[in-house]
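Common to both upcoming complexes is chain A, partnered first by chain B, then by chain C.
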Partner chain A sequence: MEHIKELLYKMADDLLVIGHRNSEWTGLGPILEEDIAFSSMAQDKIGHSQALFQILHELGEPEPDTNAFMREAKQFHNAQFLELQNDDYDFSTIRHFLFDHADQLRFDNLANSSYEPLAKVARKIKGELKYHVFHADIWLNKLGNGNEESHARMQTALNNAWNYALGMFEKGDYEAQLIADNTFEGEQSLQNRWLAVITPIIEKANLKIPAEKDWEPVLGGRKGYHTENLDQLVNEMSEVFRIEPGAEW
Partner chain B sequence: MYGNAYIDPNEKANAMLAGEDPIKLAEFEARIARGEKIEPKDWMPKEYRKQLIRMIEQHGHSEIIGALPEGTWITRAPGFKRKLALMAKVQDEVGHAQLLYSAAETLGKSREDMINDLITGKSKYSNVFNYPAYTWADACIIAWLIDAGAIINQVANAKGSYGPYCRALDRICTEESFHLKYGHDNVVTLATGTPIQRKMVQEALTRWWPPIMHFFGPSDKISSHTEILMRWKVKMASNDDMRQQFLNMYVPKIWDLGLVIPDANLKKNEETGKWDYTEPDWDEFKRVINGGGPCNAERLAVRRMAEEKGRWVRAALLRKDEKYVTPLA
Partner chain C sequence: MITEKEIWSALEIVKDPEIPTLSMVDMGIITKVEVRGESNVYVEMTPTFTGCPAIKMMENMVADRLKEIGIETIQVTTTFDKPWNSNKLTERGLMCLKKHGLAPPPKHEGEITMELLEHSICPHCGSKNTDMKTPFGPTLCRSMHYCNDCLQAFEQFKPVV
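Take a look at the complex of A and B:
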């Protein structure tokens, strides 16, 4: 089951980290409605992460709270893209758009996984992701087509985010096995479908995907190599839990 | 959560009614006396509009500023269950601000103007949020006892005379009752937990008791201007009455948990049936409300930063062919 654990860990960590980043908009959004929207998505992401940690627990890993909040940053398998700071609303929106389309396509595929516990969870989650993607598409379009400043900001954010986003599709050691036993379609297939879906939406938002010759995926996250942003976030999200790890909180 | 609106005690009733048409005023007061609700398009005295805008706006500000001390604990909340619950709670608070600003907008002040008045310091918010939440236990005490105080205040105000505000409060109170359960569950967990947890929660209670006693506003002895606002059902209960109700409901629950309230004089007076307590330091209250509290500057700076950083987003949403429309109810 090592191959399934690898898949579950990277997904659970992606969701745990982006869920925390989304939650950081609470109280600070550009309009109140966006504080609320990002909080809703944060709750979904953290909930999805918890569901995946629960499957891991059933596979013999530590129980979800301990697993999520007692590891060091170098033991995390999330893509570096997700640990970067929220920065401004432009970068957050671009990341939300790029990640959530990949997330939705991933769970769509996993709804048919041969590994039934994951397929069952994926079927439930994919219904919620429809709204995340809907939200991202609306904002990409509004800001890409807004005014000169918003357009320029969104294009810059897209340029800055792009290679990090490609890092979401970093392959793990068990990639071939996951594909062979129909657990998961594989990162390359997922990336191809993702590109096909996001390209027309980006064009409609009057934005341009960076030229392919400049594509250099930021890799390493899946193998535990991270930016200092993750150290800061892991310390923060575990801060209270680690005061007394055995206690009930 | 919510803070009691701070109404300037120096405004005299006569000045408040200057220039009003006596026939319309009598009709308006008769409607309120019959228990009718006043709606946005109805005639109302200028002062009624002004006091309501001030009160609803302050309430809205308290919700978004209140999201800051609790919000910093979202990423730190221990474990999945607490994180998910705290996120949902603080999200509710921001949602309350949205409801309240809409209710205040029906009286003719735009959300943008209200937020500008907040960040320039012209408009107040609940004093309690000018104090820091040092530990997780502070966030738990806030969720339980500040929200408990808010419910007492809001249940009273929900019976007031202005329709849109009452309807917003009805919904807010429903959500707040969950917050209260959430806060209580957190405090019970800490108070019945390990020695470190018990110490944390006791220290948080000790820190928060003076702001909690301030929460309902100055003593009636020094805040005697409210007669007309009570008649208009803008203000529904006196500050001291609400404070007594709070003490009656929550002091026994706090003591049940084995926690110590830092007021040696606090006890129920068998003769009067009311609680005796050390008079809160009202000079401190005034000092904090006027900007001298430990977090006033930080709270407004964060809010200003959020407004500044979000300006380009709001600008990008504006369309030349769209114009501002006041919400109807």
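Take a look at the complex of A and C:
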């Protein structure tokens, strides 16, 4: 089951980390509706990660809260893309758009996984993600086609995010096995489908994907190599839990 | 021995903690009731949204209700075996939402589109001349809308596949 654990860990960590970053917009959103949107998505993402940690627990890993809050940054398997600071609303929106389309396509595929416990959860989650993707598409289009400043800021954010986003598709050690037993389509196939879906939406928003010759995926996150942003995030996220790990809340 | 039918009807008065006009049975989140012996009942539930923070509380409410009618051995669990989708709301459930001032989710055909989300029917005046303001609201299961005819904001219980 090591191959399935690897897949579950990287997904659960992606969701936990972006969930925490989304929650950092609570109270700070540029308008009230966006404050609520990012807070709601935070709740969804953390709920999705909890469902995956629960499957891991059933496979013999620690129980969900302990797993989420008692590991050090170097034990996390999220892509580095998700741990980066929110920065401004432009970068947060671009990351939300690039990640959520990948997330939606990943869960769409896993809804047909041969590993039934994951397929069951994926069939539920993929419906919920529709709203995340709608939200991302609306704002990408609004800001990409807004005024000169909003357009320029979105393009800069897209350029800065791009190579990190490609790092989401970093392959793990068990890639071949996951594909062979029909657990998961594999990162390459997912990336191809992701590009096909996001390209026309980006074009419609009047933005440009960086030239292919400049693509250099930022790898390492899946193997525990992270930026210092993750230390900061993990410390903050787990601060309360670690005061009294066994406490009933 | 108590029958499954009697359990279902006993559970009809257990309400959604966030929408007090709506019962959990009408919401469609109780997916299985099994009488496993004398005074021994097993109930399965499924959340409307995976990240719903109320599900533990709802499990407890179901267990409390079963205790109230004298069941001694009670097991309530949450699973994704039969995942919830908004078409599982009963007709009475849809009416209850409306009574609470929430637009009921439109029936879907297995796919949620932007078209389905826009022009929801205003629960106050019945107009279709409405706009969706944001797909997110005060709880995960609601979106926010505005009626261009009666000039009031309203919330809709989201359609979900």
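The criterion applied here is as follows: the second predicted complex is superposed on the first by the 249 of 249 C-alpha atoms of A that agree within 3 Å, B and C clash if a C-alpha of one lies under 4 Å from a C-alpha of the other, contacts with A are read in each partner's own complex, and residues count from 1 in each chain.
In the analysis below, a residue touches a chain if its C-beta (ideal position, glycine included) is under 8 Å from a C-beta of that chain, and two chains touch if they have at least 3 such contacts.
Note that this is a predicted model, so its numbers are computed, not measured.
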Fit or clash between chain C and chain B when superposed on chain A: fit
Contacts of A:127 with chain B and chain C, given as first, second, both or neither: second
First, second, both or neither for A:200, with chain B first and chain C second: neither
Which of chain B and chain C A:60 touches, first, second, both or neither: neither
Touched partner set for A:47, first chain B, second chain C, both or neither: both
First (chain B), second (chain C), both or neither touched by A:244: first
Chain B versus chain C as contact partner of A:36, first or second or both or neither: both
Which superposed partner A:68 touches (first chain B, second chain C, both, neither): first
In the superposition, chain B vs chain C on chain A residues touched: B
Least C-alpha distance (whole Å) that remains between chain C and chain B when both complexes are overlaid: 5
Doubly contacted residues of chain A, that is, touched by chain B and again by chain C: 33, 36, 39-40, 43, 46-47, 50
Touching residues (chain side chain B, partner chain A) in the complex: 64, 67-68, 71, 73-80, 82-84, 87-88, 90-91, 94-95, 97-98, 101, 136, 189, 193-194, 196-197, 302, 305-306, 309-317
Chain B contact footprint on chain A (complex, rising order): 20, 23-24, 26-36, 39-40, 42-43, 46-47, 49-50, 53, 64-65, 68-69, 88-89, 142-143, 146-147, 149-150, 153, 233, 236-237, 239-241, 243-244, 247-249
Chain C to chain A touching residues, read off their complex: 49-53, 80-81, 83-85, 112, 114, 117, 133-138, 140, 143-144, 158, 160-161
Chain C contact footprint on chain A (complex, rising order): 33, 36-37, 39-41, 43-48, 50-51, 120-121, 123-125, 127-128, 130-131, 134-135
